[in-house]
Each structure stands twice: as C-alpha cells, then as structure tokens.
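Consider the two complexes below, in which chain A is the common component and chain B and chain C are the respective partners.
After this line comes the complex of A and B, so read on.
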C-alpha cells in the first residue's frame, strides 16, 4: 500500500502542481488518475516513483516513509508519457533491458519479450531502433518495457494516449486482463473518461492539483460529488438545467426560470437542500437518461435543436433550453434538423441535483 | 467562402508518393473531415490546399479558379496546426491578435474580436500570460483561437483538439460545429479520430495509402463502408472482423466462419457473388449479443469485461478471433466464462479477404 499524506508540490516559485492531497493506492488495485491536462497527474506518478520530491507532506509504503528512498530502490516500473526509450539499442533490447538489469537468464528474457511484444502488437519490430518507429509504436515499446518485469507498483503515464482508437481499444483490454492475471498494483493516468471507467477499480478525479472525488467507476458515474465530477465523468458529459425549487407537501418540484417542470423529488431525498436566496440549483442528467418525447408523453421540456452530433451508433442532439444546452441521444434512423423545436421526455426521478455545484441528491434511473 | 475542387492531385516527396492522384469536390460552406491513420496522405492534402506544399501534379481550384500558383498568404486560408507554433515572447493576447495586426485592423476591433474568441475558448484568464507556462491543451486552444479570429474563406483544422480531455473535446467540438453553422465557412478538418470526423462533418473523406477510400456522409461510411479499411477505421468500439468462406449452395449463398454456417440475406448476395470464396465478415459490436437470440450463434470464452456504466464492453474469444460486443450495464459475465454470442445477420458485412491487409496494417 502506498500513501500520499498532505502532499504539496510546487515547481519554482508560483506553479503549484498538487495542493495538499491525500491519496491511498491499495495493494493489487488498478487506480486511475483522471483529470484535464495540467491537473497534476504526472506529478503524482513522479512522486510515487521518487523522481520528484514533494515540497511538503509525506510518502509512505506500508506505513513507513519512503521520502529518503531513491528511485532505483523503489521497485516501481514506470512508462513515461514521452517514452524515454534508449535510442542506440533495438526495440527487443529496450524491452529486455529491465530483465537483464535483474539478472534474469536469456531463455526467460526471450520468452517474456515474445509474450509482451505479442500482446502489444510490436513483435515484428524487435530488431528496429526506436528512431525508426512511429509515435504509436514507440509508446507501445515504452509500455512494454514497464510491464515486462515484476514490480511492486506500475506507474503508467497516459500509456495509450498516442495510439489510434482501434489499438487503444485492443491494448486497453489486454492491459486490464494482464493486471488481473498478475494481481498487479497499477496507477494509470488518462484524460479519457472512457478509459478511466473501463480500467479503474477506483478512479481519482484530479483537477488543478486537488482530488475532487475518488471512488469506483459506479460511484463517480451514478453519485458524483459535485458538478465538476458529474460533467467530467461520462461520455458524453452530463447536462445541466438551472432550476428553482417549489416546495409542496412531501415533494419538492424543480422548475426552470420560465416555469417548466423538470423534476420532482421527495422532500426526504433533498434534505441537503438549503433555502438560500441567490444560490445556483441545477438538475443534471445524462444524454441516455432522457429521450425525445412522443405525442402523449407527460412532463416534457421544449427547446430548439442547436447542434446534432453523429456518433455512428447513436446521435446526440444539443437542445437549447433557456440559457442552458442539454444533450439528448436519439437513434440514428430518426430524422431531425438543426433549428427544429423538440420536446424532451424526462423520467422525473432519474436526475442528479446540485446546489452551488455540490451534489445534494442522486436519484437512480428507473427502467 | 469558397468551393474547392481537386483534380488528379499528387504529392511526392522525392521518390515517395504521399498522395496518389486523388479527385474530390467540396461545396461552398461544406464541412468535410479528412480521416485516416498517420501517413495516409491527409496532412499532405491539406497542406497543398493551404499552399504550404507545392502541388506535384494535378490541380486545385477555389471557386473554379486554379490556385496552384497562388501564394499561401493570398489564398485567404486559415489554418490551425497540431503543433500550434505560438510566439514565445509575446502574450497570449498578442498571439491571438497577431493575424489581425498583420492585416492592419484598428485596435478597438482587434480588442473586441480577441476578447470574444478568448471568452468562447475559456482563455480570458490567460490573456496576459506568455505561452511558456501553458499546458498542451491550453496551447492548442490558443492556436485555434488565433486561426478563428480572422474569419477566413477556407478554414483548415489539423487535429486541433486531439490532446484535450473528454469534456473539453466535447466542448470544442460543439463550438467548432456551431461556428460552422453560424458562419458557414468552408471547413476542412483533418483527423485520425473517427468520432470527431463523424460528429462534426457533413461528409467524411476516408484516406489510406494516399488514396480516398470513401467520401460520403457519416451515416454512409458507418453503415455502408465501401471496403474493409473504412469498416475497420470508422466506429467505436471498432468493428469485429472474422475470416469467412462464402459459397453458393442449393439454397443460395451461405457464409461460414468459426465452424458455423449461415444462409446470407438477399442484401448480401451481390457481395457474395463478387467474393465467392475466401472472404472477411464484419459485424459491429452493437449488433452482437450474449445468448441464443439469432440464427447465427458462436460459442466463446469471455476474455475481459469493461464496465463503462452506460454500457458494458465484453471481449469474447471465439476460436482464434476476439470479438467485442456492447451489452447492457447489467450484463456482467465472469472472465473465462463460456458464453453464446448471437450475431444479427441483418447487419453482417462482407469484404474480399484481400482487403484484410489494409486494416492489419493499422497495428503496424
């Protein structure tokens, strides 16, 4: 188990990369650090590897500080975002390097190089030098060099970010299976929501050097702690409509500023809602939790189609409602045009409620 | 704004041919995505349109006028590069204002436009900074803002949002699309990302090996790919391919793969006739399901399951072929579990085996 305790990291005088974060990496878990560019993801890996030193705070392994332990003594296998391959030796030798360094015999080395290069689809490149490879090929060599040896912890910095979609898809599955087979402890960074949800036993959402939320993919997707996580996890991102509460009996209705009803929730379910004039209250929902209404659907919102996106298997309409814009998915066969007015059918309980960007309630989507 | 036509367009770098004599037309105000893997010729094509590379053979016309010999700066083409070369010594504000100052615009108008575009790109807080401290995503947005600020006749975007996170990608994509709807620029968007191409473009030009593989609407390239390359490159998760054998029996055409045989729907008889023997069957992950629900089923072993929350991706090994299928989030088979995979024959596609090479190359 690795722990970052109140780790603060500043580069130079003013650039703060991490703001007093606490983070635990459990044994044998696949932990994904997911955040926008510049959030501090690589800094966390560098600190775990011992390449970077926290400005303040402590780094522990199984309860003991490892702040004084140099990188070469940490048994962390790292794949760098910028590859950092040895350019003067072949791909095969790059892959074999960490095994030679541990004194493994030739036959075992060859067998491992063969297996890993096969999984990553670089078996035919073993005799080439890194300089003659494409970016995607180099990235796979860098990943291979990290995962080829047993290690206490694997630190993978956006290791598939430069691959085309097809390869990313294939290697993601291989990596997940491999980590399960080896019961490896992995910390993996990404800027892709899909990758984070697909791979992580747990996902830490990082934003401007702070952890916004850490939990299982289901936690983040169904119970986001705040509007940032809600809009950042899920593909396409969650939509929001600004609403005002109307209390009545055992229910609270939420209506748009124009008075259109969006949702109605049991008073108990929204106990966290404070009566605070001037606060921003938003209903959030995902594009697949709502649909375009048909005649006779009760409780619909009307809006204008601003943009239509084709995702191949489904289309997404961006519908303007007041000053908000919401995503609604619809089948590719349906005809719809930009500028058209549409009605959106809302399962009234399938919503997330936020006050001043903090989550107040999450209602489970009904079937 | 301008229409664009290319005639037998060739690009050679020494002995290497990057673009192999392609023809295409782009209507005034149309949004075309050029989609393909690295080295397919998409960037060379764009650079010839922009005037950054001489045309080796053939011609390009803007509104019917041959522009082979028109200098880049006289084409009124704006570009945003993947390598967003920003000027390091001046502020973000001045970087964005640069093309406007070069055009001699007055300060008040420059200020209005820079602040407008910076607001849309979420760059307002960074305007006084220099490029040095920017993240790659921020630098990319500045590059895009600088290209957009001058309102060009043809707007070329070269992988402008490839480094952004999921949320920013959606935001930028929608911004670019609404920009096109609002101003009706003729836009060409070069990308290796099929999702961006489908989501943004009126038509997609799929390129590989310096040739156009298909140029059609997003619906067309997705549902009716002209060859195995297009089928394999377009779609997320990627389409499943399996070697098959096509033959004509007493009851009409059949296809067999992984030990199973199926009568082909009428729709595929033409393709079957053309292939008549070794073929390549393809089926999208959305048209596979677990269980015995179709006349065509395969037995396989679960390799791994990815729970994406809104859907599950299940990887199943059938013989030597790994299939991906998209399932409801409640379907969660265990690893190594034996399962039955049903294939919806209505969505089966067939290609000649000889096309297999083209998508295998992608892995190289």
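After this line comes the complex of A and C, so read on.
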C-alpha cells in the first residue's frame, strides 16, 4: 500500500503542481488518476516513482516513509507519456533492458519479450530501432517496457493516449485483464472519462493540483462531489440549469429565474441547502436523465437546438435554455434539426443539486 | 523539350560547381603528394612538371636525416592525451551544465569567454609559468615544463576545453530527461545510467568534439613553437626545421607533410560514422 500524505509539490517559485494532497493506493487495485492536462497527474506518478521529490509531505509504503529511497531501489515500473525509449538500441533490446538490468537469465528474458510483444502486437518490430516506428507503435513499446517485469507498482502515464480508437480499446482491455491476472497494483493516468470509468477500481479526479473526488466509477458518475466532477466525468458531461429554491410544505421546488419549475425535492433530501443570498444553485442532469417532451408532459422547459451530435447508437442535442445549455439524448430515428425549438421534460425528482458548485443532493428516481 | 534542356543545364552547372570546389580543395593535397615524390630538380621549375621519375629520396631525407618520425611520435602522444582529457572532462562538465544548469548559464558563458582572447595574448605568461614549474621537482616528475610534453598537453586542454564543453552541452540537452528517469526505474544507478544510456546517446557529440580537438592539437604551431625546443617538438615545428640556411627543402617538406596528414585522414574517416546526428531520433514523442 502506498500513501501520499499532505504532499505539496512546487516547481520553481510560483508553479504549484500538487496542493497538499492525500492519496492512498491500495494493494492490487487499479487506480486511475483522471484530470485535465496540467492537473498534476504525472507529478503524482513521478513522486511515487521517486523521480520527483515532494516540496513537503511524505510518501509511505506499507506505513514506512520511502522519501529517501532512490528510484532504482523502489521496484516501480513506469511507462512515460512521451515514451522515453532508448533510441540507440532496438525494440527488442528496449523491452529486455529492465530485465537485463536486474540480471535475469537469457532464456527467461527471451520468453518474456516474446509474450509481451505478442500481447501488444509488436512482435514483428523487435529488430527495428524506435526511430523507425509510428507513434502508436512507440507507445506500445513504452507500455511493454513497463509491464514486462514484475514490479511492486506499475505507473502508467497515459499509456494508450496516442493510439487509434480501435487499438486503444483493445490494449485497454488487455491491460485490465493483465492487471487482474498478475494481481498487480496499477496507477494509471488519463484525460479520457471513458477510460477512467472503464478501467478504474477507483478513480481520483484531479484538478489544478487538488483531488476533487476519489471513489468508484459509479460514485463519480452518480454521486459527483461537486460541479467540476459532474461536468468532467461522463460523456457527454452533466448539464446544469441555474435555479432558485421555493420552499413550501414538505417539498422544495426549484424554478428557473423565469419561474419555470425544474424540480421539486423533499425537504429532508436537501437538508444541506443553505439560504445564502447570492449563492449559485444549480440543478444537474445527465443527458439520459432528461428527454424531449411529448404532448401532455407537464412543466417542460423550451429551448433552441444549438448542436446535434450523432454517436451512432444515440443522438445528443445541445439545447440552449436561457444562458444554460442542456444535453439531451434522443433515439437516432427521431428527426430533429438545428434551430428548432423543443420542449424538454425533466424527471423532477431524479436530479443532482449543487450550491456554489458543491453537491447538496443526489436524488434517485422514485420507484 | 524546353524543360529538359533547362534541367540538363542545371545539372551541368551543379556538377561544374562541384568539380570547381573539389579542385580548390583536393588539388593542393594532390600537389603536395606529387611533390613529395619528385626529384629536387623537378620541383621548382616553370612550367610545373606533371611527368617525372618518382623517387623516395625526399621521404628518406625526412625520415632518416631529419628524424621526422620522432616528431610524429611526439605529436601523437600529446594530441591523443590532450584529446582524452578534453573529452572526459568536457563530457562530465557539459552533462552537469545541461542537467543541473550550474551557475544559471553565467559560468558556461564565462568558460566560453576564455576562448575570446587570442592565443598570442597568453603565450608569454604560459612560457613563464611552465619555465618556473619545470624547475620544481613536481614539474620534472610530471613532465610539465619547457620542452616537455606535459606543457603542451595542458595548454591544448586549456584551449580546447571551453569549446568542447560548449559543443557538448547542446548534445546532452537533446537527451530527454525521461530516458534517464526510465533507466533508473529499470534498476540502474546514477553512474550506470551515464554509462549505458547518456554517453551512448551523446556519442555523436563526443565523436565530433574528439575530432575537432585532435585536429586542433595536431595542427597547432604557436604553442608548440614557443614552449618546445627539441625533445617535445611536434610535426608543425618539425617541418619548420626544413627551412634551412641553404633554402627551403621543398621535397622533404612535402614528404613530411604527407606523412603528417595521413594519420588525421585515417582518424577522421574512421570517426565519420559516429558523427551522424540524430541518434536520439525516436526516443520521445516528436
């Protein structure tokens, strides 16, 4: 088990990469660190690997500080985002490098190189130099060099980020299977929501050097801790509508500034809601939690279709309502065109409520 | 048709220029070699003679009468020793400048600035320093003094080191840090990373630096002329001894020059394959 305790990392005088974060990597878990570019994902891996030292804070392994342990003694294997291949030796020698360095015998090395290059589909490239490979091939070599040897922890920095969609899907699946097969502890960074949700046993959402939320993919998707996580996890991201609360009886109604009702929740479900003048209150929806209204639906909101995205199995319409934009999924068979005015039906009780970007309530649909 | 004519003219012009440039560069070397085989009577005649009876008397004179191989031996020892010192010290210094930015660029610039004054400006202080060091026991023991190889080795190292460092820094900067990080995670210690990853990748730069330094040492005249008399004289000074009271012995001079050019030619040709840039090509996402 690895722990980062209040780890702060500053580069130079002003650039702060990590702001006093606490993070635990459990044994044999597949932890995904998910965040936008520049969030500090690579810095976390570098600190775990021993390449970078925290400005303050501590790094523990099984309860003992490993701050003083140099990278070569840490038993961590890492795939770098920019590959970092040894360009003066062949692909085969690149793969064998970490095994040679640890004094493994020739026969075992050959067998491992063969197995890993087979999984990654680079078996035919073993005699080539990295300079003669495509970007995707180089990335697979970099990944192969990381996973070829048994290690206490595997640190994979966007290892499939530059592959084409099909290969990415395949390697992703192989990676997950391999990690389970080896019972390996893996820390994996990505900028893809899909990858984070598909791979992670747990996912840590990182933003500007802070951990916004850490939890299972289902937690992040259904119970985002704040508006950042809600808008960053899931594709399309959650949409928001600014509302004002109207308390009445045992329910609180949420209406748009124009007075259109959007949702109504039981008072005890929104116990966290504070009456602060000037605070921003937003209702959030997943695109599949709202639908285009049909005749007779009560309390719908009208808006103009700005963009239509066709995902193949479903279409997504971005509908402008006031100053907000809501994504709504609808069946591909339905005809709709940009500029059309549509009505949107809200599930009323199945909504996510945020006050000043912090989650107040996640109401499940009533049975 | 017009197209073809113009492209033919272009090609003709291209090859014409190549032949012209080659003529400028190769002809003097050719003439030197030819002259080294000419009998004395055929050398300084007008018009120049292309046909003659070749002779080895010039080589005989240079090697046996003037003992020219002695100068070759001196030069070889001094140049190689100085080059090794420059390459080893230069690589280590350049690596630390490239990786740790020692002195924030100011020390690096200061080092280069020592190249900016002419050699003649320091030759007198050098002469005095080596004369005095040569009188001490340590100076005698280490062979550092006037007319001793140590004096020239130190002088040449001093003179080449700034440029070598400057040249090597950019080669080391081109090696991505991640390669070193990766190698350390793969289980290599700091020094092993240098040996197995950094230096092999910087090989082209190290080769270029070695070639430049060796050529400089081999051709240097001023320091060798002032700091040596006989025992530690190099080829450039050796050739100068062919300028006698009886006149310049052009035949033996040409023979000596031919002998002294050969080792450099062989060396540069041998190093050529290491001097290709772009060994780090493909190491990181471009």
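Assume the second predicted complex is superposed on the first by the 364 of 367 C-alpha atoms of A that agree within 3 Å, B and C clash if a C-alpha of one lies under 4 Å from a C-alpha of the other, contacts with A are read in each partner's own complex, and residues count from 1 in each chain.
Here is the rule we go by: contacts are C-beta pairs under 8 Å (C-beta built on N, C-alpha and C of every residue); 3 or more make two chains touch, one makes a residue touch a chain.
Remember, it's a predicted structure, so these values are computed and weren't measured experimentally.
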Checklist entry - Once chain A from each complex is brought into register, does chain C clash with chain B or fit beside it? => result fit
Checklist entry - Hey, is it chain B or chain C that touches more of chain A? => result B
Next on the checklist: By the touch definition at the top of the document, which applies to A:159: first (chain B), second (chain C), both, or neither?
Outcome noted: neither
Checklist entry - Once the shared chain is lined up, is A:80 touching chain B (first), chain C (second), both, or neither of them? => result second
Item to check | chain B versus chain C as contact partner of A:224, first or second or both or neither | outcome: neither
Checklist entry - Of the two partner chains, chain B (first) and chain C (second), which one does A:235 touch, if any: first, second, both, or neither? => result first
Checklist entry - So, A:303: does it touch chain B (first), chain C (second), both, or neither? => result neither
Checklist entry - In the superposed arrangement, does A:144 touch chain B (first), chain C (second), both or neither? => result neither
Checklist entry - Which partner does A:49 reach: the first (chain B), the second (chain C), both, or neither? => result second
Checklist entry - After the two structures are laid over each other on chain A, how near do the C-alpha atoms of chain B and chain C get, in Å? => result 10
Checklist outcome for this item: Residue overlap on chain A between the chain B interface and the chain C interface 135
Checklist outcome for this item: Residue set of chain A touching chain C in the complex reads 46, 49-51, 70-72, 74, 76-78, 80-88, 97-98, 101-102, 129-133, 135, 138, 145, 162
Checklist entry - What does chain C use to touch chain A in their complex? => result 176, 178-179, 181-189, 197, 200-201, 203, 278-285
Item to check | Sites on chain A touched by chain B in the complex | outcome: 15, 35-38, 121, 124, 134-137, 164-167, 169-170, 172-173, 176-177, 180, 191-194, 197-199, 217-218, 221-222, 231-232, 234-237, 286, 288, 306-307, 309-313, 316, 318, 332, 338
Checklist entry - Quick one: in the complex, what on chain B touches chain A? => result 37-39, 133, 135-138, 163-168, 170, 173-174, 177-178, 181, 192-195, 198-200, 218-219, 222-223, 232-238, 284, 286, 303-304, 306-310, 313, 315, 324, 326, 335, 359, 362-364
